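Naming follows writing order (A, B, C and D), and every chain is counted from residue 1.
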Amino acid sequence: MDYVIIGNSAAGIGAVEGIRRVDREGKITIISDEEYSAYSRPLISYYLADKVTQEEMKYRPDEFYNQNNVDAKLGIKVTEVNEDDKKVLLEDDEEVTYDKLLVATGGAPFIPEMKGVNKENISNFIKLDDAKAIASDIKESEAEEVVILGAGLIGLKAAEALIKKGLKVTVVELADRVLSAILDKEAADLVQEHLEEAGINFILEDTIIEFLGDEKVTGVKLKSGQELDCDLAVVAVGVKPNVSIVKGTNVEVNRGLVVNDKLETNIDDIYAAGDVSEGYDMLHEMAGVIPIWPNAYNQGLVAGQNMAGSNESYREGFARNAIGFFDLSMITAGIINPATDEYEVLIDKVEEDKVYKKIVLKDGKIVGFIYLNDVDRAGILTGLIKEQKGVEDIKNQLLADDFGYIDFDKEWRTQKLAE
Amino acid sequence: MSLNYNNPEFVIERDQDKCIECRVCARQCANEAHFYDEDLERMREEDINCVNCHRCVTLCPTNALVIKEYPLEYKKNSNWTGGMISNIQKQANTGGILLTGMGNPTDKKIYWDHILLNASQVTNPSIDPLREPMELKTILGRKPDKVEFDEEGKVKDLPPQLELETPIMFGAMSFGSISINACKSLAQAANEMGMMYNTGEGGLHEDLYPYKDRTIVQVASGRFGVHQEYLNAGAAIEIKIGQGAKPGIGGHLPGEKVGEEVSKTRMIPKGTDAISPAPHHDIYSIEDLRQLIYALKEATNYEKPVSVKIAAVHNVAAIASGIASAGADIIAIDGYRGGTGAAPTMIRDNVGIPIELALAAVDSRLREQSLRNKVSLVVSGSIRNSADIVKAVALGADAVYVASAALIALGCHMCQKCYTGKCNWGIATQNPELVKRLNPEIGVERVKNLIEGWSHEIKEILGGMGINALESLRGNRLMLRGIDLTEKELEILGIKHAGE
Amino acid sequence: MKKVYAREEYCLGCKLCEVYCVTNHSQSKDIIKAYKLEEVTSRIIVETKGAVSFALQCRHCEGSPCVKACITGAMQKDEETGIVDYDEDKCVGCWTCIMACPFGAVKRDEFGNKVISKCDLCAEEGEPACVENCPNAALIFEDREVEEVC
Amino acid sequence: MRGSRPTEKIMSGCAISGILNRRGKCFSGKEIMDSIALMHDRSNGLGGGFAAYGIYPDHKDEYAIHMFYDDLEAKEKVDYFLNRHFVILVSEKIPTREVEAINNPPIIWRYFVRPDERKLSESGLEEDEYVAQSVMNINANYRGAFVVSSGKNMGVFKGVGYPEDIGEFYKLEEYEAYLWTAHGRFPTNTPGWWGGAHPFTLLDWSIVHNGEISSYGANKRYLEMFDYKCTMQTDTEAITYLFDLMLRKHNLPLEVAVKAVAAPLWSEVERMDDEEAKLVKSIRAVYGSALLNGPFSIILGHKDGFLALNDRIKLRPLVVAEDEERTYVASEEAAIREICSKPEKLWSPRGGEPVIGLLEGRSGV
């Protein structure tokens, strides 16, 4: 059996480990346009802030590929997927045939239409190379001021790293708050306040329409007309599934590659996993792209097992994030800004401690939560979402400081802890 | 409120160099003698709350704690001792009876310690119990004078007997006075060791039904939890007339200890005081006792031996003889150092007589009247070690009840505060938080170990005497010698002085 | 695999398990030094409410959501021993494992270091320190799997 | 001095021997003397004695009372007592000869008596019990007097000295009996006392015993409940009374009595069938205080034969042999071979296993 995996990040590695759980023999080829052995993409901000070295970013030890008998073709692009002949064509014209193919190409930066976006010292912040580019731009240009477009996870992680590098940082965000995808307004205000205390300057409800400067960027012009000086810019508006590779095939693409619970696309023997895929979102009860690391790994793992002949399903997809800025941590998951009154919301807030906790319930079950600056044991809630366990009878305990397994009925607790 | 004049009994000394503020002591002290002071950022003590139960000392992982008697000294006075004065002050505060728990701690003569045992030398080989059989099996119950045979020459049935693998039983302690985990520990240990345990007057909790063959069910003046099924749920029945720690008075389990389970087991409303009257109101005479003995035998189809337990009082020999004649199969005598869950201090410390003298007097009297072989004799009231047991058997006992010692094995540190219900060792309490501190699995092992150890020692002592069956020690007072005893004491004990 | 199981009916809530966990994971392995000179976080969580209490630590579960979620590869489940443990050098303290652990059994380092702290079953010592030192046998270390999953 | 009655428990080691002619043929005391003499070293000269069954065929229906008197005053008192309670048919000195090694013998007397019929019927007692109580009364209450034996057609000859000297002293070669038992004594703590020598007797029962009964205190107090007065401070006396209690008073079969004094170990009981286990358990429950503990080998003599028994863990020696018409039992094999060089069978019984030698035609002792 020949397995080919395109993409060498969480989903790709998950797939290798999934295949090897079932099939110790089959040939695995992993192809990535990045030259590095698998590394942790979320760590690029730590890299940029000199918190970790490239060596320390390795997601798996160097022996990983050998030990798992993987032929890793790194630093080379796949140019075409031929579903009929079951092969992929590489940019050096090599052909690699497959019995099972996994597309795990991840996400690509979304870059809105902006004038001057191609000037030097303007970067995205998704891959290690992006971080390296920013670092060298800072060094070469002795950059002092940066404008970041986007106050999402990526933008803010970049902002944090650049503050730590000593730059003056301004974040421009179209929405009315930071981290709008994972926080509600109240939590976002607390986070923003914290980030401002750390030195980040925010301009909300505005966006860049033009990058100024000759070859290198020297400033930005905002939609509001305001102009900001800068010698570095980071565009972190968002990420979209990197679907380009299947152009020319019959693989169904919506926002991402459409997959079923087994991570199969509509084409036989072609699977997709991770940020490129559009799988089942259990909370929204519909397909959706869930571009988060644990999701990518899990999908890869399940896809890998299925490619090797197992019959696993993955229906646990939902958005969840653990992140922190300047020692302010937060864990959020699921639906945190319910739109309708079908939902019940529990909130606990200690403003002076920047602690904010919010739990969103639907039909007596947890569907989302925000834990800000008090993240201990948040995983219990994640687990409850996953299990869809009714919590109506312990609702009053959920936000308590000492909330824990002790609050569950004895039978359930005993059974869980006895596993 | 005015000053209460009470001083702490104990002082807690904490070595701050060793204290790691883990707060185990604070969590474990039901009396709230330890607390963490957030302002001073260190552990502190409330000495007056300390009962010196050693829970904190035992659990402190760094041995940072020592508890001492409060060093405050009263002006020297042999008559008005500190204890006397503080008792008066307590009563002046409350107007109540002085209450206490466990056995008599006063400094009175302990006869066990004035009796020495014999051993063989040369003329009669001592026996090594590790190599030779050594039999401790003990059979309790009414025996006929002779074995009878039917026409076919087959031996006729004896009256019901209890078979013990070692001459030790766990004395009566009710569920209520002690926790269910303590009860379970004793019941299971009795079961595994081939002994008996005794329900006390608390009825029989459902969880203990599996140990019925090793259960003596007690019928006391309150008749708590007594019903047909209960009587038949044990292997023997004991009528409790009195208790060594409080002869002549009844029992009192405060309502706080009567929770759901105790209430169900005792068949009384939850939260009400369980009061056992001083006498059985259907026993005002020896004839009445006889009627009750036979009523119980009738109710159990003559299949269970009936024991009658009395406190050792002045004319115990005559009483015991009467009980034997009244039809009891076993007589249990509880000496004045016997334990209790709660008793008035004045009664505990001043009423009754030592078990050693009572036992000797009863055994001798029963023999004079040729009754001794008909009835079994069980003694209690501070059996502290295996040597006490050997001495008791040699004085004439068939078996002993141990209770305090069993509780000590379970963790009791003799703070004597059983009556408060705040036993930090999970023994004399019904507070679920405290009860679970006694893991019966551990309890069973500890109690079994104790009995095993004692049985071993008894075997060693017997072997030393050149005896390989306990029967040959029973009433064998030639194996005993007294020291530091008066002629009268020797006469009552029926033993010679050492050197004779 | 052998795991630590709590028997809440016997848990005293004394938290000696924590004390011995801290000691065993200290450099000095000395209780007093561990507390007074070192910064060691207990890897156990003792939950207490009223009369109920129990110690809870990593369940070393088969699915190991923490391992799957870990963004750095610091958290790994040892295929042979089944022990889920983390590489402190690789851990960056992103708390993704905290988000993922359905038992809430992964703790943040209490002394502000950006690393996590979780039970490693005292892998090198045989019986875990918490089990060995529980005064009431409320923690037991045993294998409850009917058949070995390999 | 003839020695005085001890006030504390006697401890002694010993030799024992016994010969039974199963066909009831009587033979001279010479053989038993030879047998016991061979085990000279097992005695220390402080006691020896013999029991002989079948020696008084002319008085076989009367109780033969052998007595020791310290002085005539004691004899007078006992004579008075006997006269009041019995009809004395013969009253005579037991013939003895001068033997160098035997010193200071007491006055040694024998009577052949029948209970006074009026007194007997007034007492409401069986004849044997009447005699037994009289014997115990004399032993307990008459200073200077001691009943050596009190059975019918049997007698005990004992004293302070080596057994062979005692035999010679009593001219035992002149007596003929079908059952002889003998004893040589090695007391460690008391001067010899004529009464303290073995055999010890009550009625027809005689006991020779090697060993020390560590259960003595328990046995004694048990017997006291049945009105036995243990006045001799010897194990042998207590053993005699135990057998008397069980065999005569309680009318138990011999094997039941054996199971009481040498009870099977509980571990053996566990392997028994239900019926036997029940029997043994019942015996143990009722007669626990009759259990003989400590090292012993005994020969219980009786008019119908003997019982030889070891303690249940065999701490003292005992050997048995048989030839055509005799059964031999002794502490040492050599003591048997001395008088029967080629027995048909010779064995060493296990601890607690009774050896019963019976006259032909008798079903039990």
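In this section, a contact is a pair of C-beta atoms (placed from the backbone, for glycine too) under 8 Å apart; a residue touches a chain by one contact, two chains touch by 3 or more.
All figures in this text were calculated on a predicted structure; none of them were measured in a lab.
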Check: Most remote chain relative to chain A, going by C-alpha centroids?
Finding: D
Checklist line | Distance between the centres, which are taken as Cα means, of chain C and chain A, whole angstrom | finding: 28
Check: Taking each chain's centre as its mean C-alpha position, how far apart are chain A and chain B in Å?
Finding: 70
Item checked: Centre-of-Cα separation between chain D and chain A, whole angstrom -> 106
Check: So, what's the distance in Å between the C-alpha centres of chain D and chain B?
Finding: 47
Check: Mapping chain-to-chain touches, which pattern fits: line, ring, star, complete or other?
Finding: line
Next item on the list: Kindly provide every pair of chains that touch.
Entry: A-C, B-C, B-D
Notebook entry, point to check: Across the complex, what residues on chain C touch chain A?
Noted result: 5-6, 8, 45, 47-49, 52-54, 56, 59, 61, 65-66, 68-69, 71-73, 89-90, 92-108, 144
Notebook entry, point to check: Within the complex, which stretch of chain C touches chain B?
Noted result: 9-16, 18-20, 31-32, 34-36, 50-51, 133, 135-138
Note to self: List the residues on chain D that touch chain B in their complex, please.
What the structure shows: 8-9, 11-13, 188, 211-212, 214-222, 224-226, 246, 250, 252, 256, 263, 265-267, 275, 278-279, 281-289, 291-295, 312-313, 315
Note to self: Considering only the defined contacts, which chain B positions touch chain C in the complex?
What the structure shows: 17-18, 20-24, 27-28, 59, 61-62, 431-433, 436-439, 441-442
Margin query: Residue numbers of chain A touching chain C in their complex, please.
Written below: 10, 14, 40-43, 46, 51-52, 56-61, 293-294, 297-298, 301, 320-324, 329, 331, 333, 375-380, 382-384, 386-387, 402, 404-407, 414, 416-419
